[in-house]
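Only one structure is covered here, and it is reproduced in the block below.
Here the chain labels run A, B, C, D, E and F in written order, and each chain numbers its own residues starting at 1.
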Amino acid sequence: MVEYADASPEVRAVYDDIMSTRKTDSINNFWKSLAKNPSTLRRTWEDIKQIMAPGTLDALTKELIYLAVSATNQCPYCMASHSASARKKGMTDEIFGELMAVVGMANETNALAAAYRVEIDEQFRTSGP
Amino acid sequence: MVEYADASPEVRAVYDDIMSTRKTDSINNFWKSLAKNPSTLRRTWEDIKQIMAPGTLDALTKELIYLAVSATNQCPYCMASHSASARKKGMTDEIFGELMAVVGMANETNALAAAYRVEIDEQFRTSGP
Amino acid sequence: MVEYADASPEVRAVYDDIMSTRKTDSINNFWKSLAKNPSTLRRTWEDIKQIMAPGTLDALTKELIYLAVSATNQCPYCMASHSASARKKGMTDEIFGELMAVVGMANETNALAAAYRVEIDEQFRTSGP
Amino acid sequence: MVEYADASPEVRAVYDDIMSTRKTDSINNFWKSLAKNPSTLRRTWEDIKQIMAPGTLDALTKELIYLAVSATNQCPYCMASHSASARKKGMTDEIFGELMAVVGMANETNALAAAYRVEIDEQFRTSGP
Amino acid sequence: MVEYADASPEVRAVYDDIMSTRKTDSINNFWKSLAKNPSTLRRTWEDIKQIMAPGTLDALTKELIYLAVSATNQCPYCMASHSASARKKGMTDEIFGELMAVVGMANETNALAAAYRVEIDEQFRTSGP
Amino acid sequence: MVEYADASPEVRAVYDDIMSTRKTDSINNFWKSLAKNPSTLRRTWEDIKQIMAPGTLDALTKELIYLAVSATNQCPYCMASHSASARKKGMTDEIFGELMAVVGMANETNALAAAYRVEIDEQFRTSGP
């Protein structure tokens, strides 16, 4: 992992932007690990900064969506770090419980739809996403 | 698939509840496929009815979470049917775009976290989900 | 896809073994597709022949396990071809229903275990698989 | 995690049912973690109690199916806890070995079927699951 | 899908860059679908253009890696479109066969490592990725 | 895990072949874990020895493909052990960075292709893999 003190100017610029955007004075291990490949660090950070910023969807909803994917993929780091982000943005125990009830149910019915080889209904076929 | 006309009273009772809960007069292929196993049909419907009902999270947010999981799992039926449900509950093109930007990013960074074998930060370790 | 009439002697030898082992006179598209790479065809067939043969677990149970994985992975070809194999070996609608109830539940609770970041109980830690 | 001593009457009722159904006097971390969301705890337990009970498939076969899904999804908690359950229900080293040989093979051929873009054979298309 | 003739100037600029970078005069359905969300279109294209360009790894190797992920995730569109890209960059039947043999084997042993709950060897623990 | 000193002649023969093929004098935990099921040990080793040997693709490229699958599947053991193998075969930090940029991007666009329900382009449909 690349610590701030040892970072190149290019990496430091990203670290500085992360800290100022997130109003924090520490850098997560995720970024310190990516920093071995500065172009991956910068591209990933620029993308996340753009994508996770509040838009039509608010910042908490975006974190919940992120957690839904991470639980489905069994990513322990992602669950740990984004649970913390979601808490900061207002996630309560009750919200987490409802989120994960949907995530569990979706994973269950995704498997059932594949298993029963359910044909897509005519009315869902003609409409785009 | 089990059509309404051919359904047992047990299956019909579930079909009736689906149609009255969802204010529709047709049954999706998903339910018609599960109906070959009435106990699976009933349990899955009861769970979904409870879980997808508006709570602390509203019904649209729950559909977005459902779509996030289904895209991650590559489930074509689930994307088709729940995109339609989400549209009915107010999903616009813009919301769909923001949703999927987060889903794509989460799938990308989930893989990166595994690949770089990122150690969970001390401060994320002690806090629960 | 490589049809029998166009197959090299090496590929034909595998096709012949498949047909005599399975007591059938046709070759599935899966094998015809792999046949473009004869060493993959032969190795995959030899492995499957060994693994799917009745052992301590009977042939039907092995097909059910195969279906459990294929539904989890969302593999349409695998569900289609192995549902047929399982039917031949005695899978009824009722067995399929119970199988998929477990598969759905396992996919649900797998996601929940990741999401709630459940720590492995002391007594499960010391015992191997 | 919610310990029995700190549990609400609603959570205790579920804990009591788990212990009496499973003839044990301890509660796994999985349930203690879910208990932060009592409705998720109760619904998940009711579903598992119904689904994992012996039916046409015996209890051991159901545990094997559960393990097949959990290995495919890379769920460490689920492998640890359900390996232990399966052992109690009679899983030997030999059964585990045969189970996992099928699971490994299914994961391999699932990927191959997707990669070679194998078209579903006509005879598998017309038969349901 | 957004056709060139109907595209906004912002979308057209991306389409033009795709066609000139790839030396082709048509746009794949993937881009036409993303174009409903211009910022997703542009960001995804900019990322792919940067990432898939030859670097220390040549363009064909990058396509093979892309195919490895897509087969693992069971993504039919991705297999179809990137098989074609890989062919253009020199992928032969023999290369495809070797690629997919590794992909199949990796999916198999990934499941086995999870199932047998293999502990990470001391010497692999201290080295980073 | 089965240590060399406690291994049956059948298991020792595989261990000896692993050590001589890989020019090493130790056996990884993966093999020691599989050794509880000698036929799985032998079959898996024979397959890996054949598949990972340099062919049209060189040994390093094969390791990169293996890592791409393992990151996608979130397999910590596989990332740890095969990162080490890839390093021995020449993987630099720069190669690892480019590899994982492609892996991350592929996981992102796989999800997007499913989400946007992108139809396979006519020209990709007629060409095989």
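We take it that a contact is a pair of C-beta atoms (placed from the backbone, for glycine too) under 8 Å apart; a residue touches a chain by one contact, two chains touch by 3 or more.
Since the structure is predicted, the reported quantities are computational estimates derived from the model, not experimental observations.
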Common touching chains of subunit D and subunit A
B, C, E, F
Counterpart interface for A-F, drawn from A-D, B-D or A-E and sharing over half of its contact pairs:
A-D
From the C-alpha centres, identify the chain that is farthest from subunit D.
E
Using the stated contact rule, I'd like to know whether C-F or A-B comes out ahead in C-beta pair count.
A-B
Based only on mean CA positions, could you tell me how far subunit D sits from subunit E in angstrom?
33
Using the average of all C-alpha atoms in each chain as its centre, how far is it in Å between subunit C and subunit D?
19
Computed distance of Cα centres, subunit E from subunit C, in Å
27
For subunit F, write out the residues touching at least two other chains, lowest number first.
36, 39-40, 43-44, 47, 69-70, 72-76, 79-80, 83, 94, 96, 98, 100-101, 103-105, 107-112, 114-117, 128-129
Could you please specify the touching residues of subunit B with respect to subunit A in the complex?
28-30, 33-34, 36, 40, 44, 47-48, 51-52, 55-57, 61-62, 64-66, 68-70, 72-73, 75-81, 83-84, 87, 92, 94-96, 98-99, 101-103, 105-110, 112-114, 116-121, 123-125, 127-129
Note which residues of subunit B are touching subunit D in the complex, please.
36, 39, 43, 47, 50, 128
Interface with subunit D, subunit F side, in the complex: residues 36-37, 39-40, 43-44, 69, 73-75, 128-129
Counting only contacts in the complex, subunit D reaches subunit E at residues 67, 70-72, 74-76, 79-80, 83, 100, 103-105, 107-112, 114-117
Which positions of subunit B touch subunit E when the two form their complex?
74, 93-94, 96-97, 100-101, 104, 111, 115-117
